[in-house]
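Some structures are shown below for you to check.
Below are two complexes that have chain A in common, paired first with chain B and then with chain C.
Up next is the complex of A and B:
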């Protein structure tokens, strides 16, 4: 029970990060391997504002989101769109975007190392116990989970109910046909990429309230987010959320039952299972 | 197998170049021998990487995992077995590991492969660290009488073998099949090529070579522990060097290895904290300015010259 709830709380924040990545990959078709650095940057801002000005990370989110949105929009517009235009096939765009975002990721790590040094950073925010079903959990974890649920829920509703969400889903399903019905694919792809980046950065600000980060931890989160996206199915928000919760629970189980150093191995076992048995994702349809 | 006159000429030239390189340890400079070891090491790694990734366009980030496995083979076995047999065992384990990774991921799209290999080094590191914690070990001491020059010659031999192997694969049916897969996988599948099998076979080459490189270099480290042996940065350096040179030609990676090793060497001695930033910028330069590497530049220049000469005639 203890493992289940801790896992769910962790999985909630993972879901937020993975939904961000899924928007970028599913709609903008960019496999963004610099996603983890955006997360760490969000965490850095939260850390900095909390230690310097005692600003609650739950408020910092409202600053992080628009800044990350703008930054990611610029990255997409000026660095990734030329690649989209240049590439003739989907495969070439994938290779190009993987290399370019690796570059961005390393530049991001390099800049953060230069700005903050290589130290771990953590702060104690809302480090008071909350009781759920007789066991106690950190209030910061619970608060982050609630915030993640609210944001994921809002995104899900927006994608499924609004006109803009409909257009974005159209681009994700069939970019070529979306253009024919008058959807501005390039504009929407940029918006989706920026939105994905903003969601990830918010996830970073939230996760920094209870996990210790440093300038080079980004890649671990990128990897987990990628595994979640593949498990849940590309472009599928519901699948992503379920996969994230599953990963959170499995990881917590492995960490508390076997060894805390094996969390990535746990993620890999899930990943391998999906690759071998359901490569189209947990809820994806088999390719015809 | 028939050899044309130009094949023979290239073979003789390559053998001469190899002989000249083998003389480096007699130069007497420890500093340059150290750089020489790094250059030959990356030549073996980047060239074997490009053998797989050049034709298939799959970006493998597994080098560090295979390399680390190789160092552990030497670390665990150097007291019991002769050094040369450890290199062979490492190669075998590397090839088997590569085949396993290949069977799990290479049937699917390239993205899965990249992601899987991205975390592979970290995964093996976690498992070995866990194993060491269980048995109460820390690191391993590798105390041998193998000198820097010995390491250099072993690596040089390995690089030569990689070149020879790459040349032979290029002439074989497997190499032909891979070129078709790289051009159009659907066409390849329709003309009866078992694409997954061909890719797995080829992926075993960089796996084996990286593991052997690790086995050869283990004595240089003297003390090995998981975070040192499985440093993920190695995989990225190999990718950058191979692509910077150009993965489309056998000699391409070498053109990237030499300048980039010297660049990294000068940066890490002058600005040790900026190496990550340099790697990032290198990736961006490759994607935006050198998509075909130095090889592409050279070929464009040659093509331009020829065109100009043709226009004048």
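Up next is the complex of A and C:
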């Protein structure tokens, strides 16, 4: 029980890291390697507002989300759309966007270094125990898990119930056909990219309440997000969430039952297993 | 890399600068290579860079270094090695050959210092290493005669931590059960290996002993398992992010121990700021004597010039290494071999007290263990340094637990 809850809490963290990238990659077709930098930037804003004005990170997210949305929309509009326009195949766009966002990640690290310096930003927020079924857990982790549930649930509902969500799913499934039925693919891709960025930055703000970040830790999160997105299946929110929870539970179980030193190995064995037996990901559709 | 055009420009400027410099000969070029990005950037941003900035600021405010009776201003040339040994080597090489630096400040981190040692040696630069803690000092100083060590050895750090716990047990303050964890990285593994032997020799029982990978995002399983083993003391050979994470988990789990030790970053100001009263009684690697006037003057100047506080361990040692460089240059001039000989032969007055390198090029007076006591991090164990405070019992996690 203890392992299950700890694992779920960690899985919630992973979901926050990965869901944004899934939107960006699944819909906008941008493999965003600067994802981690957006996360760290969100975390920094939370740190800054908390230390400067005691603003709760749970409130900060309402500021971070629109700002990150706007920023990511601009990034997509001015930096990535030219790539989308000129690329003839999906493969070419992927190569171009990987290179472009790889560069962007360096710019992100550089800007954050210049603005905030290289020091760790770490603060104590809700670092108090909460009792669940007789065991204690960090309140900040529980809070961020709840937020993850809310964000992922809202995304899932929006994608599956609303008209805009339907259109976004259409773009994710078949961009060429979506255009034929009157969907503005370009506009929607920008929205999805911006939304993905906003979710990632919000995730960063929440994660900063219990992880110690610095300007150059972004790449760690990008890698984790990549693994989860690929494991879950590109373009499906359910797959990402499931993969994130699975990873969290497996890592925790291995750390508690076998040895904490083997968590990384366990994560990669899981990843390998998924790649071997379901290369399209848990919820991905087999390429036709 | 897209730096090439920039590099060419920089080289052209450097050449022009050298010509102009040769005419006036009133600046001394000092190179600095350390992480500004990558895994060790957070530590270097606390310990290394601000102290270098402070030293350059102070020397230049004073009119420069006195070389052969003439004042020379310092021109600092900084490179980011991205916590990548290959980049460290390239940057040191560039400083030696293209920038023609007169002296190069030692890099940050054990691995990066060792990686750069052959390059320092090849170009004949003395390397006064600070954040390079190893038991290989005799071998290294034999291989690289101009490499010096200031911060102590792995064994001393681990042994003194064990000794503190042993003393507490002898005084009846501590039981016999230890939970020990370490980060699975060179420094953590080396410390844990030494500590494991010493704990066994001292008759302690290791009720929990495990390692976790560098960059582990959730250490709560580790802390839960440690707690379940019901230890009397908790010891972690940890790196900065995990030092923070383990302490937070201990607070959340309300780990009931009489001694709590985490290694690197425990003396960082951010640690005290983050945990406040809950940090009281926490032991950590290294220390200073915060009551010494020299340290207080240094800390005040550090705050004024850089806007941040120094850490309570390696920051001051970094400053001492620069004082040693300064005193040696002022004594013998710009001849690097003469400076290295001077360092070997002299006892220096530094912010930490006297420092010399008689045996194996190693400073043998250094702090090994410290403790947060009422909001101040105080050294509680040292080799050859006075002013160690009494160790206090860890008494819970403050009001909020």
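The rule is simple: the second predicted complex is superposed on the first by the 269 of 288 C-alpha atoms of A that agree within 3 Å, B and C clash if a C-alpha of one lies under 4 Å from a C-alpha of the other, contacts with A are read in each partner's own complex, and residues count from 1 in each chain.
As a working rule, a contact is a pair of C-beta atoms (placed from the backbone, for glycine too) under 8 Å apart; a residue touches a chain by one contact, two chains touch by 3 or more.
Since the model is a prediction, treat every value here as computed from it, not as a measurement.
By the touch criterion stated above, A:138 is placed in contact with chain C alone, chain B being left untouched. Judged by the touch definition given at the top, the superposed model places A:2 against chain C, while chain B stays out of reach.
Shared-chain residue A:251: touches chain C; no touch with chain B. By the document's definition of touching, neither partner reaches A:177: not chain B, not chain C.
By the document's definition of touching, of the two partners only chain B reaches A:276; chain C does not.
In the superposition on chain A, A:220 contacts both chain B and chain C. When the shared chain is aligned, chain B and chain C each come close enough to touch A:261. Residue contacts after overlaying the shared chain place A:160 against neither chain B nor chain C.
Of the two partner chains, chain B and chain C are each touched by A:113. Overlap of the chain B and chain C interfaces on chain A: residues 109, 113, 216, 220, 259, 261, 263-264.
Those residues of chain A that touch chain B in the shared complex are 31, 33, 82-83, 91-92, 94-96, 98-100, 102-111, 113-114, 216, 219-220, 223, 226-227, 230, 259, 261-265, 267-268, 271-272, 275-276, 279. Those residues of chain B that touch chain A in the complex are listed here as 57, 59, 104-105, 108, 110-112, 114-116, 118-119, 122-123, 126-127, 129-130, 133, 232, 236, 239, 243, 273-274, 276-284, 286-288, 291. Chain contact summary for the complex, chain A toward chain C: residues 2-3, 6, 9-10, 13, 109, 113, 117-120, 122-124, 127-129, 135-139, 141, 210-212, 214-216, 220, 224, 248, 251-252, 255-256, 259-261, 263-264. Those residues of chain C that touch chain A in the complex are listed here as 35-39, 41-42, 44-46, 49, 181, 184, 210-213, 215-222, 224-225, 240-241, 244-245, 248-249, 251-254, 265, 268, 270, 273-276, 308, 400-401.
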